[in-house]
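Here come two complexes built around chain A, the first alongside chain B, the second alongside chain C.
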Partner chain A sequence: MLEPILRAAWEGLGLVFSWPNLLYPVAGTLLSMVVAFLPGVSGVTLMALAVPFTLFWEPLPVILTFGGLIGGATFMGSVTAILFNVPGSGPSAATLLDGYPLAQQGQAKTAIGCAAFSSALGSTFGILVLVALIPLMHLAVLAFGPPELLMLLLWGLTTIAVVMQGSVVRALIATGIGLLLALVGQDVRTGEFRFTFGTLHLWEGLGLVPVMLGLFSMAEMLELSASGRRTIAGRGHAELTGSVREGAMTVVRHPGLFLRSAFIGTCVGVIPGVGGTVASFLAYGQAVATSPDRERFGKGDIRGVLAPEAAHDAKDGGALIPMLTFGIPGSDGTAVLLGVLLLHGLVPGRDLLTHQLALVFVLIWSLFLSNWLTSILGILLVSPLARLTTVRLERLAPIGLALAAAGAFVDQQRIGDVLVAVLFGLLGYYMKRHDWPRIALVVAFLLGSGIERNLHITTTLYQLDRLDLLGRPLLGLLAVLTLVNLALPSLRAARLSRARTAS
Partner chain B sequence: MPNAPGGGYDTESRVLQPFLEKRLGATIVVNNQPGAGGLIGARTIVEARPDGRTLGLVGLPGFTVARLLGQESAPEPARDFTLLGRMSRSVHVWAVGSRSPIETIDDVLSAARRRPLVFPLNEITSVDFIGIAVPAALLGVPLEVVPGFEGTRAIALAALRGDVDLIDGNVESLRSMLVAGELRPLLHISTGPVEDDAMFTGVRVLGGADGAAARYAPSVGHDVVWAIETAASLTRVIGSGRVIVGPRGLASETTECLSKVLAEVLTSDDLRRVAPASLDPAAAAVVRQDTLALPADAARLLPLLQPMLRKVRG
Partner chain C sequence: MTWRVERTAVTAVLTGLVGGLIVLSLGLSPVARMAPLAVGVPTFCLLCLELASDIFRAAPAPGSGGHSATESLGPQRMFGWLGFLVAAAFLAGLAAGLSIFVLAFLRIRSEERWRVALGFAVGMWLMLHVGLEQFLRINLYGGLLGGWIG
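Presenting the complex of A and B:
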């Protein structure tokens, strides 16, 4: 069973790393990186724009190019999240929680270095799992039904309890608001509309990207402008501390955290429809939960950059699993890729995974190449990029606000989303000034609609006697993880008070 | 383009783009305006100046079902658009997971005698709702629907996992899983024998004189002719397909020119060579009469949907 896979892997490797084939993934990666830095075109839009251009190509260069386009899109979003609190896309949002405070402390280089290394290694981990799972892909995809998905999302929700510091009541209120905001839009059960105020704009609910750009990026620019601080880093370029090497070494120093985060990312990738944003927030929550000294998280802890970056790049490999097995894309990028594969006569399923396995490996290797290339180029650009944190705020803040507004528009190309971002910017500014936990609101909002959807499906199937909950071991495992998260704050408090009494 | 990049609509429009550009000598920009089930993009088309510079690729079944179930803001295709050419028709199919004990439509009926069959569903206002509820009413299959699944992919996985009994879906969305044998087709929601698709050899058809609706009508207590006509209406509503439209009030010479060019492009061999399997040159000409008859076809289905709607909405 193993031999044909290894042979196909070798053949695929030869096809990617040969002249002139190598040009395609490299060009795809560079294009995708440039576009990710420009407001106005998202990575998925770039892929869609490439469809007519590649229509008449042979399948091989098409796969090579799209592997590059997928791989190149993710990393630059994290760079803007670290430097300016502006996540380039949903999955980069967890990175800003600790990445941006690091930039504020003048350590942007360390944060970017850690993000680059962690994401490249994370994607390699995802790809290794993908290769290892080729014979078992069916089982992996089918393991997650609506009850498992519900429990996974509830586990995600309980990370709020772990991450939160400060007032419990405020955290609960912010969580409640987040869940309420997630209810905006169509009721999955009855098809009726809730809280849409008669506007078409809210029919599908509030968009995650404009909400986050508002709550974090716009709020930050407002706060910075009001603070009297002169630059993000609060110091000149010569005084920037930290280094790429230091950031990269973090990954080496925390192998357990890296592996757990990459594993979470890959698993989430395997489940269609969950997405990279959930993966990175789950990994972040896990990082806090498993660290004995959690007080520094949210204030610039490098482990808070490592975990989400490893997870969201590991997700790419995982997301290819349902796409290649069942033709079910696990992310927006793989959805375009699926359309392209079908256009070129490549139908996902057993046939593709046996008779055309070499082409599958071409995709895998070009994704691998692209992920590493992005990180290496990112590292080369660290110095000039980090310098941006020393630009005077009266010049930077208007640009930051404009970038956030453009990002809100680009996501779905809807002008109403800019208004949503501005409103959430004001809310975020208020919450930051008065010490309300924005992360609780965001996590609850992010997970709310999935929880509602899967809660409804699970309870209905259970009522119809279609679910044997006891016969689903994965469900039990996720339930235990959820309970541990809920119990952790009390356990920590108990341990702390014991330690105090002892001393 | 009322849909997001990456879906079938988006791919079809981007495949069409270079061919149309070449033939018209014009630059075409695909502008994705997703949201509200395609209504946001549709409204942009409806409200555009009718000068031939704004065209769109829209799904008629979705708008027709939305209007039928009370969404007044959904456009009425024949009234609100100028119809220019049909990109593809859709056909739905009932299918089960490959490990399901149900193998034929007779098995469906005998299983349904023991307990209602469970179907997954996107939303109660989606096209798959009528694809499930109407045939079930025609065949006398008691059913329970579970709305909330996110797209055809989640629905297909629910069938593979055995969480549900049967699914309804667009043949093109399910094609790769049908070809691979992951899903087994049971009922082809159409009116005639399926001759051009080997995948459906031996699969029961819903409509037509020899179809399942006519065969089971007496045992369910339906009039045979009525059952055949209802199945035909359902097939027409679902099959109204993806249509290239302009705003209403397009000048007749512009309409004629664009329709002619589209007919040529959509039936050309060059396009066929690179186009997705869903593109059907036979569907290219929009039969305006078909679209005009959509509201009447849809209205015929409404009484069959009411019991399930009442149950779900309470």
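Presenting the complex of A and C:
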């Protein structure tokens, strides 16, 4: 059973690391690294834009290129999160919780070094698990039906609300508002328009990119301009402390945290429709929960960069599992990849995993190569990138605002999205000013449609008497974990109160 | 407006927003309103609690580390610049409008020299026009004035 897999792995390795095949993943990686630095143009956008250019290519160079495109964008999204408090993608939002405070303390090099090393090792972990699970893939995927998915998403949301610094009530409110905003647009089941106010622009709902760029990028520029600070780091380049080595060594110093985070990322990646955002926040949550000094998180703790980065990149390997097995994409990126495979006559499933296994390994190796290449280049570029935090804000603010406006438009090419980004910029500014957690709102907004879809299927199954709650132990486990999350703040408060009374 | 009043106003606006969405969802069919009500009602209740807490919470004592009541309320002028950005983008189109915004901001607010301001504005135009329009083949919005002139 193992022999054909090993043979295909070797054949795939040879195909990736031969000339001129090697050029494709390298070019894909470099392109996605550059483009990921533009706000609003995510790796998925680039992949979608690349589809028409590769339509008439042979399958091999297409797979090589798209493997590179998937791997390149993930890390660069985290770089913008660390340097400018602007997550390049949803999953990078967890990295900014501690990454940006580190940059503000002049430790951007340490944060980027840690992110680069943990993401490269995390992706390797995810790929190793993917290879090991190829014979058993279908079992893991079948364990998660709509009720389990719904409960997993709710667990992810409550985890995010609980691990946020500050008021849990405010985090829950922000989560609720994020979920409500996700419901704007046409209801796919009834065809009714919800909260569109008769505007054509809102028929398809609010775009994630303008919402994110407004809440983070524009709000950040407003806040920085109002703060009177001269630079993000608040000091000149000569005063930037920290080092790449120090950041990379963090991973070596915390092997348990790294392994737990990478494991979470891979497992979440396997589950279709959940994606890297939940993976990153669950990993961040467990890093906070398992640390004796949890009060340091959110203020610039390097472990808060390590955990989400490891999970985020480990997810890529996991997300390929349901896509290759059942044709169910585990993330946005794999959804585009699925379309590309189908366009080139490669149908996921048994045939792909037996007769064309070498091509599967081409994808896996090019993803592996891309992740390491991105991290190595990221480390090499760390000094010039960190220097961006010392650019004068009077110059950075208009560029940041203009790029955010352009990015808001680019995603769906609707000029109204520029206005949406500005409105969310104002909301984000006031939320930040009065300690409302913007991350909780964005993550809920991201997951809202998935939650509603799975809620609808679950209630329908229940009404049809097709839902055996007792026969679903995984659902029970996830429900208990969600309840524990909701009870945690009260338990913590009671413990604190007891400790105060005792002293 | 003091910082405390502003804090309460933010909570009140959010409460109004969620309340409004709940009222709107009552007009939908039972299937379409299930999720908005399931999320909206508990969120509205939590917001009412938070609003009450904001109204009745004592102002932070001076020197306690919280925001002082007389703290500067910040970037009203920046809001004006945001309005200018939107107007420039809608009127002159994205590539030209955003370049004009960068030029005006750097020259007027940041008091940069003409050479620096023009350099950044041209860089922005090149990035949008060459990077997005030419390289990525994205059709940027041409603007109302562009439409009239064209």
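What we mean here is this: the second predicted complex is superposed on the first by the 448 of 503 C-alpha atoms of A that agree within 3 Å, B and C clash if a C-alpha of one lies under 4 Å from a C-alpha of the other, contacts with A are read in each partner's own complex, and residues count from 1 in each chain.
The criterion applied here is as follows: a contact is a pair of C-beta atoms (placed from the backbone, for glycine too) under 8 Å apart; a residue touches a chain by one contact, two chains touch by 3 or more.
Treat the numbers as computed from the prediction; the structure is a model and nothing was measured.
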| item | value |
| --- | --- |
| Partner chain(s) touched by A:180 [first = chain B, second = chain C, both, neither] | second |
| Contacts of A:376 with chain B and chain C, given as first, second, both or neither | neither |
| Touching partner for A:493 - first (chain B), second (chain C), both, neither | neither |
| Touched partner set for A:342, first chain B, second chain C, both or neither | first |
| Partner chain(s) touched by A:412 [first = chain B, second = chain C, both, neither] | first |
| Partner chain in contact with A:47 - chain B first, chain C second, else both or neither | first |
| First (chain B), second (chain C), both or neither touched by A:466 | first |
| Partner chain in contact with A:222 - chain B first, chain C second, else both or neither | second |
| Touched partner set for A:203, first chain B, second chain C, both or neither | first |
| Chain B/chain C common contact set on chain A | 189-190, 192, 413, 456 |
| Complex contact set, residues of chain C against chain A | 6-7, 10-11, 14, 17-18, 21, 24-25, 28-29, 31-32, 34-36, 38-40, 42-43, 46-47, 49-50, 72, 74-75, 78-79, 81-82, 85-86, 89-90, 94, 98-99, 101-102, 105-106, 109-112, 116, 120, 124, 128, 131-132, 136-141 |
| Chain A to chain B touching residues, read off their complex | 44-45, 47-48, 51-52, 55-56, 141-142, 145-146, 186, 188-192, 200-201, 203-204, 272-273, 322, 326-329, 332-333, 335-336, 339-340, 342-343, 347-351, 412-414, 453-454, 456-457, 460-461, 464, 466-467 |
| Residues of chain A that touch chain C when the two form their complex | 35, 38, 41, 49, 169-170, 172-173, 176-177, 179-180, 183, 187, 189-190, 192, 194-195, 218, 222-223, 225-226, 394-395, 397-399, 401-402, 405-406, 409-410, 413, 415, 418-419, 422, 425-426, 429-431, 433-434, 436, 451-452, 455-456, 459 |
| Residue ranges of chain B touching chain A (in the complex, touch as defined) | 4-8, 10-11, 14-15, 17-18, 30-37, 39-40, 43, 69, 73, 118, 120, 123-125, 144, 146-151, 153-154, 156-158, 160-161, 163-164, 175-177, 179-180, 182, 274-277, 312-314 |
